[in-house]
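Shared between the two complexes below is subunit A, which pairs with subunit B and subunit C, respectively.
== the complex of A and B ==
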């Protein structure tokens, strides 16, 4: 290991990824930066196509290239630069140091091999265990993620598992080599609500017990509210806001973040939100990544956009505490008027209310 | 799976009865005079006609004729040709070489086809990919008799590497070129099927998962990509075995192989009705069994297919 002591577990800096070539080149990532520390949960929030998953794939080194192309930036794991590193070195990091679970466990698991076989593979080919020992370990992993009757179920195929069980098996597979960083790419999107809560609980519990960093990619505000230490909001391949969960819910500094919150239905009556209140969806569509608007990429959809928004790209900058009630924390937003929005606060309920529902 | 197999075997019975009945009716029922031209320029003598009518139960209603034929067939009696030879003897003489030829063809198309498909499917665009795509297109476009005649002429006559005409009891080596000709079309399809299937699976989510697990590249390709990609290829090969077992009239003709295809062909040409019915009945059974085998194989290869 060439780990630098004191370095962050994972640090992504100014990451740029393009897809395709020529005039139709899609600028998928345009300078993404975030970091995760041990034992910490970072939620990455954003619509489809905002670059959440591509960032994760770039970190893991499993980006399809071509058509993807990394044009700049850096990804450092414990201080070690990963972009441009030896492919074999990166392979050895996968599973061992960083692991990933995917949205649709049914397609992410190989349909023609048993669940146990697929978990055991890592023990066999990364730990040099015998087939038999690896299967025993696989059953233990299934047991760990609370799959009942694990001894029996290791011999079953993915299609014989229910949706929630499949995602549990995915998690067992990701945790097999005890990684230090777990990236969960929309782990609950394909599941129904009760199962979602169980899966989130399991992930959170494993993070606590193992002290691993967790990157939780989602578009579901309800999911992140409960577990995220920090939230990074992505839009058109950029981080547009980054702060802790409490601040984000109370003082969203970017109109896009606020738009996301207002487009989520509420079932209870809180301070600012009323159950049954009409939803306010964000108008328009995310921009085509081959033709991202000049200036602030969000300005065509922003109700508060003025001239400066169409001309200047707002950098992601520290906007500081918006009110006295807020504990001193970093709060970055990429909006020319972030301070104003943050000070206004959300006309939606605060985090506590979201958390406690 | 056992119950499924049994059910499928039972399903074969009506299919067998239906097809053989249709064949029987078509050849016996639809010909006005089965003995036209059988005795040279003259009309057949009354005693000859009487003898044949007796042998093939021609006085009975068609359905009864068929049932009597079927009864004999079930005891292994394929009947006799007009000239009195046992049809079963003809089959026993011709079938071994057909089976050998079919197996040689399938092995060649599986080996070369899959190898070419894997080579191009993994490498992606490039010279090898283009070479395989173009050459398979040529093989698909060329009729089998052209491939056969060209190879016989070049390898057999011009270069003298092979005997242009395969001897009566050929060795496997002598069947390689005819097998290649017979399998060439399917080989091209196998190559393309393998290639497409691999390219599709290369982007599959489960392959990405395997990579994300940090497995060695050869493990990802050899275990996660290939197994899934070969499922359609194996089923295609299975059906092809069934089809090739039915004989290859053109290839057998070009290389002078006395197989089952030529036997049926001559039977039809000479209006030797008993030969045609007998062989076709046998081929129906062979084809049905091959199909059943493919369906069972499919369930073994892909656990999502469940039959019970």
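== the complex of A and C ==
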């Protein structure tokens, strides 16, 4: 699980994005920062509307503007500032250096072209290959993502593929030009559980073989536990906690992270014997992004909120290794009482197993 | 649109392999549409009528060997007879021969006007839908100026500016003028349809995915948006074909559209109006041809729309 820390691939710093104008302006991103190194997997975790996808689209440069507006921050790819860079330069980076796959592969594939044609497009337009050569390469790509009978399937249309196959085809499309960074926006959400595992395995394997950085956007804790080197938890357009997977599961430092874990049903009755434990959903709804609460944005839903939480925005700060047994890794959380929560550990003893399994 | 053609070919394959887990249509937009069309009697009736009209326009001599311009004043207003089965008009022309020869100019105007409207409207609509923002506003407001002109008034103003009523003009010139007049006054309709479809397509994930993989704006518009927006515009064009044939007849009837020496059904109706009581056949037969032609195209358009517009199902 420990990444061979390569060079810094992507750095996002204090990214701010707004949607709309006037009093209804939605503050979608409020200073998001994370980084991805070569060959590592960063998982971005959060509820719908927490800004995970908007961050990804801003990195890719495909944010719809208007209505979106980038009001601050920076995105650096291998040290090169992307925000404000020449649009043509950014376009050439897309596909070649960074690529993205989407949640619903059926709608992300054009219904009027064959799957092979859409993969071959990359080779034809970016590598100047002939139609015939590009189709051969497209079949190779389908084979690479383990689509059986690739020679035949390459001539079929997206609607003739099953859900898992479509996502594989989408991955083949994204990997065609061998990008250094792959952003997977909820790649398994639309799939059933057995297929989910296969797709995650495929992504993880491709990451290892190519040494590319992977940003995995998800709201599924189970998916994250197995493949992520580091996890960034997002809430209301901010990173509220950031650490490696082991630490996060054992010592969540933010009440929101803890809430996320407690709202996942468990069916395994291992040593911890937590199967059948009651679910504790997080009360309330995520805040409207046009009216984010003062102070800590999570305080209206937080059981431990006190006065300081409504007055002061807790910055994302280093809280240090939670216990002596942990190897010293960075662990940041945006809560006034993060150290206390982290020291308490998770009240679900078996979470450690999720990681070590 | 060579890229969309394979969709039609897979209709059979998709149906036989039955890849879909449920009963939803699996052939894609074009294949499903064709499948729907094949089972509609309306489509076949309309197609047959249009086929006959096309043959009439392309090879009028198959139907008659009489020169439509041959006039014999001695036979003015003659009743139908084996010699001239529809009778003769005021000038002694054979009405049957003229009606047959009238198909070509009529259909030419309909075809060119539909084509022009669709091309101009689609380009403007695609630009408006893809660019969005102020570009969309400028194009939409500009289109509203033209959409606001009443068709007849606009037609009279434009055509009388170029020609005096009754003035004799060359065939090519008057056909071009009539076509351009119709296009100028009708393109906003096609533009609105294309704009709506493009706005919808731009939001689709496959457009976003294409952008995420580094496709440039031209490739996105040409390869990803256009093929997915074409169906509603083509349906519109088919229906408008019939409407434009009627529009041509209207302009001709007013004496500002096609005119002698061009023979079209509108021209024939226009010439017949003064002596309707004496020579009713001169009005009846071209009008019947006109009604059948307009009906055929509107019927075809209806059938195509039913097949391609999922909301109508």
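Here are a few things to note about the model shown:
In this section, the second predicted complex is superposed on the first by the 339 of 357 C-alpha atoms of A that agree within 3 Å, B and C clash if a C-alpha of one lies under 4 Å from a C-alpha of the other, contacts with A are read in each partner's own complex, and residues count from 1 in each chain.
Rule of thumb we're sticking to: contacts are C-beta pairs under 8 Å (C-beta built on N, C-alpha and C of every residue); 3 or more make two chains touch, one makes a residue touch a chain.
Just so you know, these numbers come straight off a predicted model, no measurement behind them.
For the composite obtained by overlaying on subunit A, subunit B and subunit C cannot both be accommodated without a clash.
Judged by the touch definition given at the top, the superposed model places A:246 against neither subunit B nor subunit C.
Judged by the touch definition given at the top, the superposed model places A:41 against neither subunit B nor subunit C. Of the two partner chains placed by superposition, A:196 touches none, neither subunit B nor subunit C.
Taken together, the two complexes place residues 60, 62, 91-96, 99-100, 102, 104, 107-113, 121-122, 125-126, 157, 159, 170, 173, 176-177 of subunit A in contact with subunit B and also with subunit C. Residue ranges on subunit A touching subunit C, taken from their complex, read 60, 62, 66, 91-96, 99-102, 104, 107-114, 117, 121-122, 125-126, 157, 159-162, 170, 173-174, 176-177.
The part of subunit B that touches subunit A in the complex is made up of residues 203-206, 208-217, 219, 223-224, 227-228, 231, 301-304.
Contacts from subunit C toward subunit A in the complex involve residues 3-4, 6-7, 10, 14, 17, 19-21, 26, 28-30, 132-133, 204-206, 208-216, 219, 223-224, 227-228.
Here subunit A touches subunit B in the complex through residues 60, 62, 64, 91-96, 99-100, 102, 104, 107-113, 121-122, 125-126, 157, 159, 170, 173, 176-177, going by the rule given at the top.
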